[in-house]
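Next come two complexes, and both contain chain A; in the first it sits with chain B, in the second with chain C.
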Partner chain A sequence: MNTVWALSGVVIKELYRRKDFYVLLVLTGLITLAAGSANFFNDAKIVVYLKDLCLLLIWISALVIAVGTAARQIPAEREQRTIFPLLAKPVTRWQVILGKFLGCWLACGLALVVFYAFFVVVTGSREHHWPLLNYFQALWLQWIMLGVVIALVLFGSIIFSAPSANATICIVVVVGILLIGRHLNKVALQQPEPLQTLIYVVYFLIPHLEWYDVRDLIVYDHALISWWHCGLATLYGAVYVLLFLFVAWLAFRRKRLSV
Partner chain B sequence: MMKASPPLVLALLLAVCFTVATSTQRHALNWSTRAQADSVLKVLLGDGRRMFANHFFTQADVTFHSGYYPSIFDRREKPSTSPMQSGHDDHDDHEAEAGHVHGEHCNHGEDAHEKEMAFLNQPRDWIERFGRHFFVTDHTHLAKGREREILPWLRLSAELDPQRVQTYTVAAFWLRTQLGKVAEAEEFLREGLRANPQSYEILFALGQVRYDHHQDVVRARNLWEVALRYWKEQESGKPEPDLSSLREITLHLARLEEAEGNWRRAIEHLKVAKMVSPQPELLQQQIEELQQKLAESP
Partner chain C sequence: MSVILKTEKLRVEYPNRESRQGRKVALSGLDLEVNAGEVFGFLGPNGAGKTTTMNVLLGFLPPTSGTASLFGIDVRQPIARQRIGYLPENTYYYKFLTAEELLRFYARIFGLTSAEADRRIAELIQLVELGHAAKRAIKTYSKGMQQRVGLAQALINNPDLLIFDEPTSGLDPLGRMKVREIIQRLKNEGKTVFFSSHELGEVETVCDRVAIINQGELKVRGSVADLVERHQANLEKVFLDIIGYQPQPVS
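Take a look at the complex of A and B:
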């Protein structure tokens, strides 16, 4: 396990050495503050649009950080040929996969904490109330969702030839699931057979990432989600993480590493 | 051959770019047929900005329902009876028509709206059932001053499409009736009127501001009469004219004239309203009462 932690530590260091996170944080901050300074009919109590915008930016930024970080991990090691001394340590390929995943996931968690801290300060300064448990649930669920995305991207980084292609395809898939994943069963029912069955199979196979998007509940001050359901969603996400990591390992195990 | 210096070439290119930009800008303003294409955003988005304006207007309705809103997969059409857009008009209209006080059992249009917004049927599978714990499933409306939250979206919608008249009337309604911002409502309506000088809806709403909040009978009458004239000019020839606006304008004019003791004019307006009213017998009864008053007066 120490090997896995050591590998993940390298990935976390990479996050704070690179500029991506800082650029996205500054952009999120600037856009949110600029929107917050707008005056709508001399009413200073308006806050929903600001929460909506800030959370949207956080979601976009976190997704970009997760996909960007995970997509280049294994291809970079191969290109720079550092994968050979790494595997000669000895480190097993499963440990490489697990270490890379853990590093990316923890790095995204750190980034999320910073983003949400900014969100809490901005909304709290306007609303003067602090539903911290709701914010914690939103952060936690988003982090679980990012775990699934990172595992998916790591798997993609083994089967696709270039990190850019992998990142693009994964972003399209993730955004597609977030937008229409919830409605695929309704779409399926309107289709003739065998398309109906096919879409229904896809509906049951895909990870339902849209469950983890609880922005509306936060923006419109709805009640807490039951912890039991949060726990079940976490378990569901963990199953998909393990599944993607397992198939990534299967593909990586037989992969020729020379470029 | 003389070799060109890179800084000079760069300077030349910059000068050309600047010249082209200044000469193109004049034409860019005329690309859209709409006269208000004067901001960078409007020039950049072109007529596509109307699409964004519609989106922001819908977003205001989503906010009004605290996130509970059908997606394109839930229904083929957007809700037509949202209280944010039309419920208040029906309410005022009905009140003016029936002259009754609204009680707790009075729910005009609410049943229809509830029915329309009941788009979440029984879950079809365990994924849908479980997923409902993570999004808004209660149909509620913003209240107690929280209606203010729809205003940024309406402001943005108006910025992007100044010709969308409904944006001004809806925002002005909430500003003046629920948020106590009569001055802001009037200012926004005037902004809308500058962009749509012949809009009978905006003129009618301005008349309401003058009559309800300033007790300015003369200006309210003038505004409503101009609104009625524009309605006739724009709608009377149409196969499907906007009859609800005609009913609102004439009913309000009738109430104003009745309050001022001009019963003859009130009767004239009520007769027009009766022709387009869903409850003509109620208006006929009021016409008869006014005719009786007119007959008894010296």
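Take a look at the complex of A and C:
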């Protein structure tokens, strides 16, 4: 486990030494503040609009960070040949996968905390009320979702040779699931037979990432989700994470290291 | 005398990307034995299969047939690598880390306590003379400085067996002499060193025994003194003879 932590430490160091995280944070901040300053009418709706926009930016930024970071981990190790001195130590390939996952996931968690802290300050200063538990639930569920995305991207980074192709494919899949995942069963009903079953199968196999999108919870101040459901969602996410990591390991185990 | 590194009938084929049927045979039936406490030079022209052999020894590459073991443990088991140090051929290390952070990372993998790691890292940074740059990101290093980082990371766990792939490549004459001294010192501490090199003069001074391979086949192996005596020439001449080099008359 020590090895896994050490590996994840390297991933986290890399992320905060790169510029893209700060760029996304500053961009999100600037756009939100700019939109906020356009509030001439002091309309109650404008706050809702502002929160919606800021959360959307946070979602996009977090996805970009998660996919970008995870997609380059293992290809970079192979291309820079750092994988050789690493695997020459008593490190198994499973530990490499796990360490990379943990590093990306923790790094995304840190990024989320920073983004949400900004969000809380901006909205709290306008609304003068602080539903911290709602924020926590939204952050937590988003973080679990990112875990599934990272595991998927890590798997992709082993089977596709080009990191950019992998990142693009994964983004399309993830955004596709987020947008139409919940409607697939309805779509299926309208299709003729062989297609109908096929879409149903897809509907039951894909990880339903859209369930983790609870932005409305904080945009419209809905009542808290039951903790029992949060726990179930966490478990559901964990199953997919383990599944993707496992297949990633299966593929990586037999992989030639030199590129 | 105990055998620390051993390969038996080692054969490695690479799939050939251009022509589908022909497979590139990188090693064919290589038998090697390295004994505890000796410095062993692994020689051969470019493309002879030295790096391939090391890749098998480190478990990076499964052999097509034959076996390889370190300390009597099959190289496919990660535990075989607990007591070795490896310096790869032209590697780049994590560019965004400093040398000190890189060494700390590897120290953690070996389970060194932080006090042990501190001591070891200070020693190694001094040994490879990177004190002035230890707190700078590796991406700012020159090639020779990277090679020194590589040398330091190979020694982090105080290993009993060292596998170096061209340890002096990219180093200046002073750096090369340092590496020779380090190898000598490791030998005096009772460690085993297995390294490849194209610097035959250097091999002649530090090695107890050498093996020369060509096109994936073992050509000779024996003690440096024996070879030199048998051929009545220095190691460079012996090497050229063995790989079948015919001097061309200069017109």
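One rule holds for everything that comes next: the second predicted complex is superposed on the first by the 253 of 259 C-alpha atoms of A that agree within 3 Å, B and C clash if a C-alpha of one lies under 4 Å from a C-alpha of the other, contacts with A are read in each partner's own complex, and residues count from 1 in each chain.
Keep this in mind: contacts are C-beta pairs under 8 Å (C-beta built on N, C-alpha and C of every residue); 3 or more make two chains touch, one makes a residue touch a chain.
This structure is a prediction, so every number in the text was calculated from the model and none was measured.
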{"item": "Contacts of A:92 with chain B and chain C, given as first, second, both or neither", "value": "second"}
{"item": "Touched partner set for A:210, first chain B, second chain C, both or neither", "value": "first"}
{"item": "Touch count on chain A, higher of chain B and chain C", "value": "B"}
{"item": "Touching partner for A:13 - first (chain B), second (chain C), both, neither", "value": "second"}
{"item": "Partner chain in contact with A:255 - chain B first, chain C second, else both or neither", "value": "neither"}
{"item": "Chain B versus chain C as contact partner of A:183, first or second or both or neither", "value": "first"}
{"item": "Chain B and chain C footprints on chain A, overlapping residues", "value": "none"}
{"item": "Contact footprint of chain B on chain A as seen in their complex", "value": "38, 40-43, 45-49, 141, 180, 182-183, 185-187, 189, 203-204, 208, 210-214, 216-217, 219-220, 222, 225-226, 229, 232-233"}
{"item": "In the complex with chain A, residue positions of chain B that touch it", "value": "63, 66-67, 71, 73-74, 124-125, 127-128, 130-131, 133-136, 138, 145, 148-149, 151-153, 155, 171, 175, 179, 181, 184, 188"}
{"item": "Residues of chain A touching chain C in the complex", "value": "2-3, 5-6, 9-10, 13-14, 17-18, 80-82, 84-85, 87-92, 256-257"}
{"item": "Contacting residues of chain C [partner chain A, same complex]", "value": "58-61, 78-79, 81-82, 84, 86-88, 90-97, 101, 105-106, 108-111, 150, 153-154, 157, 163"}
